[in-house]
Structures are given as C-alpha cells and as structure tokens.
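Two complexes are shown next, each including chain A; its partner changes from chain B in the first to chain C in the second.
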Partner chain A sequence: MANVVCWSCRGVTGPGLFCRTCDAILPVDHGVDFFRLFGLEVGFVVDRTLLEERYRELQKRLHPDFFASRGAMERRLSLEHVTRVNEALRTLTHPLERAGYLLRLAGWQEEKIPPDTAFLAEVMEQREALDEVDPGAGDAHERLATLRAEAEQRARAEEARLAEMFVAAFGADGQEWLPRIARHTDRLRYHQRFLEELDRLEDQAFE
Partner chain B sequence: MEVLLDIMEPGKSPDPHQAVPGARKRVVGIDLGTTYSLVAAIGVEGQPLCIPDEDGRVALPSVVHYGADGRIITGETARDLAPSHPVETILSVKRYMGRGVEDIRRRHPMIPHVLEEGPGGMVRIVAGERTVSPVEVSSEILKELKSRAEDTLGGPLHGVVITVPAYFDDAQRQATKDAARVAGLEVLRLLNEPTAAALAYGLEKGREGMYAIYDLGGGTFDVSLLKLEKGIFQVRATGGDSALGGDDFDHWLMARFLGELGEEHPQPGLIQACRKLAREVKERLSDEEEVAYALPGGTTGRVTRDAFEAGIRELARKTLPICRRVLKDGGVGAEELQGVVLVGGSTRVPLVRRLVAEFFGREPLTDLDPDQVVALGAAHQADLLGGNDTQEMLLLDVTPLSLGIETMGDLVEKIVPRNSPIPTARAQDFTTFKDGQTAMAVHVVQGERELASQCRSLARFELRGIPPMAAGAARIRVTYRVDADGLLTVAAREETTGVEQSIVVQPSYGLTDEEIAGMLQEAMRHGAADMEARLLNEARVEAERVLAAAGSALRDDGDLLNENELKRVKALMLALWETSRGQSAATIDQAVREMDAGTRFFAQRRMDRSLQGAMTGRKVDDFA
Partner chain C sequence: MAYNEKVLDHYENPRNVGTLDKQDANVGTGMVGAPACGDVMKLQIRVNDQGIIDDAKFKTFGCGSAIAASSLVTEWVKGKSIDEALAIKNKEIAEELALPPVKIHCSVLAEDAIKSAVADYRSKQKGG
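The block that comes next holds the complex of A and B.
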C-alpha cells in the first residue's frame, strides 16, 4: 500500500485510519476490504463474537460523537468511516450478503446462473406446503415451526456447502469454483426468501 | 476509556471528583413523563435515589393548573382541580411538545382546550385567562422538581439530564430543551428513556450483555433491545404500540362498572368517576386476590383478580408479537438475553409480569422500581456528565422505521430497513419505464406497509434531464443516507450522464412515537391484505411492462412477422390487456407467461436480426 500525504499536517503517512504523524482522521480507503477493516481473515466463516468486538473498537475510535467539536473535514470523514463500518458489519453478519461480497471480491461478475430444475421443483414443493398453512388455524404454530426447522436446516446445510466451496475457491484454480458458488448462493437466497415468507405468516399466526 | 471502566465497576478506582466529599456537583436526572414526572440524584452512598416531596411522594403528576388569580399550581393539587376546572388545567402536556395545532387536533380531537397557532407554527393553549405554550407548561413541572431537588441537595443545580421517548423527533427534543431553559435548568443531555433504564441496570448492577427493556406505560408500549458493553450502549432494535397501555386495562373495568349500573348513555361526570374507580381497583388487584368496590349511587360489587386477568389477557398479550419481532430484528433469541427490564407502572400488573416471564423464559428484573428506573438511570448519566464532562458513554442507535421509495403501482421498495444501525448509506438502481422518458419522480416514504399510500410520505422530488433512451436503458441510482443524528438525505443520479438531484429530509419530523408504533401495528395487522394488493399491483405492472415492450417491438420489428403471426401476437396482447384489468394476480401472471411463450419465436427472430447487425437489439431483453 502506497504512502499518502496527510490532508491535515501534509506529512507522509502510511495506510490506516489515522495519520501516523498528527493523528488526524484519514479519508476512507475503499481499497481496504471489509475483512481487513475488521482485522478478520477473508473467508465465508466469520467469528461473530470477534466481529462484534472489532465493531465496537472501530466505533470507539471513529464515531461522529467523538468528532462533534472538530472541524468540518474531520466530522465528514468520521461520518464516512462509520457509515462504511456499519455497511461492513451488515455484510459480514448475514451469510447471504457475505457470500455475494466474497464473490465480488473474487472478481465474479454478477451473471445470472440458471437454477437447476431439480432444485426449483423442491422450492415449488416447499412453497406449496407453506401456502397450505392457514395462519388462523389452531395447528398453524406447529406447522410453521416444523416448516421453519426444515427451512433453517436447509439454509444451514447450504451455508456449510458454501463454506467448503469458498475454502476450495481460495486455493488453486479458484476461478473454476465461482460459478458453482454463485449457484449455491442463489440457492441460499431462495431459502432466505422462504424464511422471510415464513416470518410474515408467523407474525400473523402469533397475533 | 479508563474512567468509563471505573464507572462500570464502582469502587475499584474511584473518580477523584467523587472521592472528595463536597466536590460533587449538584446534578439530577429528570423523567419528564406524560402522566408523572420524577427527579433523582446520586445519594451519599453512591446509589441513585428519587427525591420525594414534603409528603414523601416521589411521583409528581404532570398536571398544571392556571388559577384565575394568576397562581400556578402543579402536581396532586392541580390534578384534583381538573374535573371542576377542565379548561384551566392541563394534563399530559408531553403529547403537545414540538407539535403544530393541526397535528394535535388531528391526533387528540377530544381535548377540552382552545388551541391557537403561535410563532413558528407551534401550538398555544388557552388556559383560562392565559395563553400558554406546551414549553411553558412543561417548564412549570420542571420548576417544581427543580425546587424540590434544590431544597434536598442544599443549593442551586449545576445541570440536569432529562429523558425523552426514543421516538421523539428534533422538534420535540428541542421543545424539551427549551422548557428546561425556561425553568432555569442547564441541560447536560437528553437521554432516551429505554437507554436510561438500561443505564440504571448496567451501572447500578455492573451488568453487561444483551437486555430487553419492556416499557408499558399508561398509554403506550415500547420495547427496546440494548447491548451493554464496556461503555458502549448499542441499540439493536426497537418497536412498540401506541394504542396500548394501562389505560386500556382501566377501560375494561370501567365498562364492567357501567354495565353493572345499566347505563347505556352515561354522563361525562359518571364516566370520570368510574374511570377513577377503575384505576384504584386495578392497582389494588395487583396485591389483593379480590376487591370490593362501591359504585356512584351506592351499588356495591366485587371483582376477583382472575376475572380481571381474563378480561385484559388479550390486551396484554398484544405486546408479545412486538417483543418477538424486536428479538427477530435484533437477531437474538430470548435465551441469549442477560435480562429483561420492566419499566412503567403498568408492569406492576401481575398478569403482565407472568406473560413477560413466560415469553422471555426468565423472571424479569424488578429490583429497580419500574416507575423510578428511568429517573434513576438519568441520575447516573447526570452524575457521569457532571463529574467529568470529557467522558462519553457512546450510544449507537438505529432507524426505528424502514425508509423506502415509491415504485410503479404504489409499491414500496425498502431502501433502509428498520432497525439499521446509523449512520448508514444504502443505494438502489432503478430504470426508466417508458421509451424516451426524461424525468423520474422520487417519492420518499417511511413505514412498514407494502403500499406507498399507506406509509408516511416524507418528501417528493423529481429527477429531470434524463436523456431520452429506450425503456430500461437508463440507470438511475437512488442513495439514502442517514447520519448519526438521524438526518436523511436522498440523492438520485442518472449514471450515464451524471444528472443529479438531492434533498435533505428530516425523517422523524412531525412523526410522533405513537404514530411510529401505530404504523408498525398496522403493518402487522394488514400484512396479508397488503401482500395480496402488492402481488396484484406487481402483476399489473409486469403486464403493462410486457405490453409496452411488445408494442415497441412490433413498431420496430413488426416486419419480421407474417400476417397470421402478427394476428396471434396481437390476440395475445389483447388477452393480456383484458386480464390485467381483473383482480387476480395469478390469472395475470398466467397471461404474462402465455404471452411470453407465444411470442418467444418473435423474440428469437429479433435477436437474430440484431446479431446480424441489421439493427440494435437493445429491446430484445425487454421483450423476451
């Protein structure tokens, strides 16, 4: 990473959040990916506890509240940093967003991969099972709970597959894995949407 | 951060200010409530305490009476004067803070006062001989608490922390600050009520981890999920319901009393008497299994706690789906919580406690008085700020409601989902709908409903100067930015030309906490109907898009079809057009699919032609 000139003291400073000479907050470096920003290893498996710990550390250093009495430049930079930190947290927290982000990092251009028909048939079947549930009926809670358990299991299994594939993708011949990963990311998206649908029905059944 | 840690673990490394007796500044926390207000300070042993009046009462009714002789009376005495002097006595002034006349008339059509419009559009209340602003009325309550605190602490106050609902907007916060200034108080900070409650538990008990704050007051319900850790208070999710509180429990008893009296059209005086009795009976039922009462006119009766609980169970249960959703939004299970904090007088009702305990799978924390916990937390914060004002407790907040944009067919595309940590920036790409479209309307809405007309409209503007292109060719990026104070900026930019428009929106301005909570409730209630309406709208929009694309395909490349083929395509178009005027989303979808299948050959031919370079194939995508 090339050295840059600090906007505040005009001194030379390296990469980082703050100038190593005058400690002024530096502009956001979009070349630093979300994993590096949080000091985490690039990969699909993320340690939630560590992620949140790093999040709090970054907030303690960068939050606009700490720059309220500083100049306009510093206030703006602090806001930009924390906006990005929040985006990074969201991306790294949700498996689906994380998978999409990793694919983009790996250079995958978002092409539409046609889903395999066997999987689509499965999805249709699950949808039908969901459509048959009447949220007002007495057995709705039970049926939704069963469907949720199954759907979550499918999502977890898909995530486990993705974790394995990402490990392979970061090894040799990584590019060959990307279309497969993209396909499985699409499958995870289906599971995610199904779970969201389930959320809505549960809200109604719970009323 | 060292000092913060000291405060999290009191006693280990005492703050120099606190180590020297007498060096502590006189600072207090004030819970300026709708029904009651309280003031608290850190006592000699380092514990926060609510300061009582001469009669030993800590809760001051938030009522101000303006006497004909110019005297101003607050508290219990003022409340007693309310029935006989309804016009000169102002109750629940908190609901009017930072609001305009129209706002209040729309929301509280039953208030007995004459309202006038004052400078800046803020309301003025005619109270007998005088005309007062909500700020002045609030300041009378603050003055009373101030003199109570100064008498007890033995000198003038150096500063106060005042609590406000999490959903209070800028105007309401500013009005609260103004009231403090009028009362001669220096505001160290305004603190959100759930945060204050969490602070009381976090600091008092040295607790860390994830807490749910369950706040059931007289008229509103609020639940927040907060993570307390090493000086950072992170709001994970919030939710609530405005039309739900202890007053609804009173209402059930009141209806029972009126039923026993056989009154179908009771006089206002009788209603007031029954309401007062209902509250007393409700409060006694928290401690007694059965309560005997005497109704106006001498009729007597008895009510058991079981009967009362059966009557209010459905009401109390309505808080649970909201808790459930907040947990879901916060991404935690009930078992991951370190505790559930009860706030608000209505959480004294044993049924409420049982339901909360059952739902969260643990006994709620009640070691701090639910009526006092907000004031106690505020006292802690005041002590912190007064003792060493360079120290900060960092509070990380979220957006309480989703922010979206209206798209075709009154639909809402959510851009910033509710409970997103702020500051945040989210962008979404849109495109033009018609060939040659040069402008796009941007309608910014807030809420959880599926249709734009059912959400709250925040702002509208138009992006003009889009160069004429085929439908779907323009790329318009709409970006929503919410800064750390909750201020929203919306920008729309056409990417190929760089044409840009932006607007600054105050997302919470003019939107009360009740409204926000009410909108969430509506969204849940109407979820199913919304979905249907949404699906139908989507299907219609899709049909319209397909028809428009087919029309322009025929115009450009109609010569690729022979007469029969042309007839078939036109027949399909007509069928789709007719179907799209019906009410069934499924039938419209089916017609779209038929149209798609029946015109695939045409799309294929157009594709071939464009590949041959005879024409650009830009619109093929639109059609196939």
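The block that comes next holds the complex of A and C.
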C-alpha cells in the first residue's frame, strides 16, 4: 500500500487510520477490504467473538464522540470511518451478505445463472407447505416450527457447503469455483427469503 | 411502493391460481425463479389436440408485480397456439401492467415461465 500525505501536517505517512506523525485521523482507504479492516483472515468462516471485539476496538478509536471538539475535517472523516466500519460489521456478520461480498472480492461479475429446476421445485414445495398453514388454526405453531427447522437446516447445510467452496476458491484455480459459489449463494438467498416469510406468518399466528 | 391499478387488480383477484396434473402428457410445467429477490413462479399450460392452450394455471410466491405478471400471462396464453404464446414478450407484459423499471424483471420472469412451460410440454410430447 502506497504512502499518503497527511492532510493535516503535510507529512508522509504510511497506510492506516491515523497519521504516524501528527496522529490526525486519515481519510478512509477503500482499498482495505472489510476483513483486513477488522484484522481477520479473508474467508467465509468468521470468528464472531473476534469480529465483535475488533469492532468495539475500532469504534473506540474512530467514534465521532471523540472528535466532537475537533475541526470539521476530522469530524467528517470520523463519521465516514464509522459508517464504513458499521457496513463492514453488517456484511461480515450475515452469511448471505458475507458470501456476496467475498464473491465480489474474488472478482465475480454478478452474472445471472438461472437456478436449476430441481431446486426451484423444492422451493416451490416449501412455499406451498407454508401457504397451506392457516395462521389461525390450532396446529399453526407446530407446523410453522417444523417448516422452520427444515428451512434452517437447509440454510446451515448451504452455509457449510459455501465455507468449503470458498476455501477452494481462494486457493489455486479459484476462479473455477466462482460460478458454483454464486449458485449456492443464490440458494442461500432463497432459504433466507423463506425464513423471512415464515417470520411474517409467525407474527400473524401469535396475534 | 404505489402499485398500478391493473397490478393491484391481478394481485387482489389473481386469475387461474392453482395446479394442473404434472403427469398429464398434455400439460407443460414451467418453473422459474429470480435469485436476486427469492421469487419463484410456476406456470402450467394444457394443450388440446388442436394444439391450442385450453387451460393455464400459476402459482407465484413473490412480490405483487410478479404475481400480477403471472396472473396476466395465464389469461393471455389461453386460447392461443403454442407459437402465439411464445410470441408474448416481457415488454408487452410490462406495458400492460405499467411496471416501473425496478419491476421489469418480473415481466421477464413471466416470459421465461411461458418458455419453460412450452419446453416441458414439447419434451413430454417427444418422449411420449
């Protein structure tokens, strides 16, 4: 990473959050990916505890509260930093967003791959089963719980597959894995949408 | 989002919701999905001996525009020959329902569903 000239002291400083000479907050470096921002290894499997720990550390150094009495430039930069840190946390926390982000990092151009019919038939079957649940009926909770357990199991299985494939994708001949990963990321999105729909119905059943 | 009147009409009173017998040699089943939004659409057509689509059913799980687009195409394909049905373009669907640009993919999905149903029907005819 190239050195930059500090906007405040005009001294040359290395990459980082703060100027190594005058300690002024530096502009956001978008070349630093979200994993590196948190000091984590690039990959689908993320240590959530470590992620949250690093998040708190960054917030402690960058939060606008600490810059309230500083100049306009510093206040603006602090806000830009925490906005990006928050976006990074959100992206790395959710498996679906994490998968999409990793695909982009690996250079995947969001080509459309039509989902295979067998998978769609499965999704349709799930959706129909959900559609048949009457939120007012006595067995609604039980049926929704069964559907949720199944859907969550499918989503976890998809995540496990993605974890394996991403390991391969960041190794040799990684590019070959990207279309398959994209397909499985799409599948995960279907599972997630189904679970969101289930949440909605469950809310109705509890009213 | 404010939906157009025709979209609302199809959404609130969808035509031809249901299922045809998948095993029937004269029934073609199309299954398409939009991974970006998690929508899934099933369109079935039944073709009579004269080669005319005499029944069509759909089931769509997705947004109002996706439901309206599939409901509309079930109405449009009925009474048409297979080639006429294949001539239906997403642009016509989008225009009829006045879909905004962000919902154009719903009309694309409906066009793809027709193609998928016809392909299934044709492969069955060839096989049988």
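In this section, the second predicted complex is superposed on the first by the 207 of 207 C-alpha atoms of A that agree within 3 Å, B and C clash if a C-alpha of one lies under 4 Å from a C-alpha of the other, contacts with A are read in each partner's own complex, and residues count from 1 in each chain.
What we mean here is this: a contact is a pair of C-beta atoms (placed from the backbone, for glycine too) under 8 Å apart; a residue touches a chain by one contact, two chains touch by 3 or more.
These numbers come from a predicted model, not from an experiment.
Undergrad: Could you check whether chain B and chain C clash or fit when both are placed on chain A?
TA: Partners clash after overlay.
Undergrad: Should A:117 be classified as contacting the first partner (chain B), the second (chain C), both, or neither?
TA: Only chain C; A:117 stays clear of chain B.
Undergrad: Kindly classify A:170 by the partners it touches after superposition: chain B alone (first), chain C alone (second), both, or neither?
TA: A:170 sits against neither chain B nor chain C.
Undergrad: Quick one: classify A:128 as touching chain B (first), chain C (second), both or neither.
TA: second
Undergrad: For A:86, is the partner it touches chain B (first), chain C (second), both, or none of the two (neither)?
TA: Touch status of A:86: first partner only.
Undergrad: Answer with first, second, both or neither: which of chain B and chain C does A:7 touch in the superposed model?
TA: Neither partner.
Undergrad: Where does A:186 make contact in the superposed view: on chain B (first), on chain C (second), on both, or on neither?
TA: Touch partner of A:186: chain C, not chain B.
Undergrad: Per the contact definition in the header, classify A:63: touching chain B only (first), chain C only (second), both, or neither.
TA: first
Undergrad: Now that the structures are stacked on chain A, which of 202-210, 364-372 or 580-588 shows chain B clashing with chain C?
TA: 580-588
Undergrad: Mind sorting out which residues of chain A both chain B and chain C touch, each in its own complex?
TA: The overlap between the chain B and chain C interfaces on chain A is empty, containing no residue.
Undergrad: Write out the stretch or stretches of chain B touching chain A in their complex.
TA: Residues 1, 229-232, 234, 318, 320-321, 324-325, 328, 331, 392, 394-396, 420-425, 481, 483-484, 524-525, 527-528, 531 of chain B touch chain A in their complex.
Undergrad: Going by the contact rule set out above, which residues of chain A touch chain C in the complex?
TA: Touch list, chain A to chain C: 112-115, 117, 120-121, 123-124, 127-128, 131, 186, 189-190, 192-194, 197.
Undergrad: Mind pulling up the chain C residues that touch chain A in the complex?
TA: 31-33, 35-38, 40, 42, 59, 61, 116
Undergrad: Touching residues of chain A toward chain B in the complex: what are they?
TA: Contact set of chain A toward chain B: 56, 59-60, 63-66, 79, 82-83, 86-87, 89-90, 93, 135, 199-200, 203-204, 206-207.
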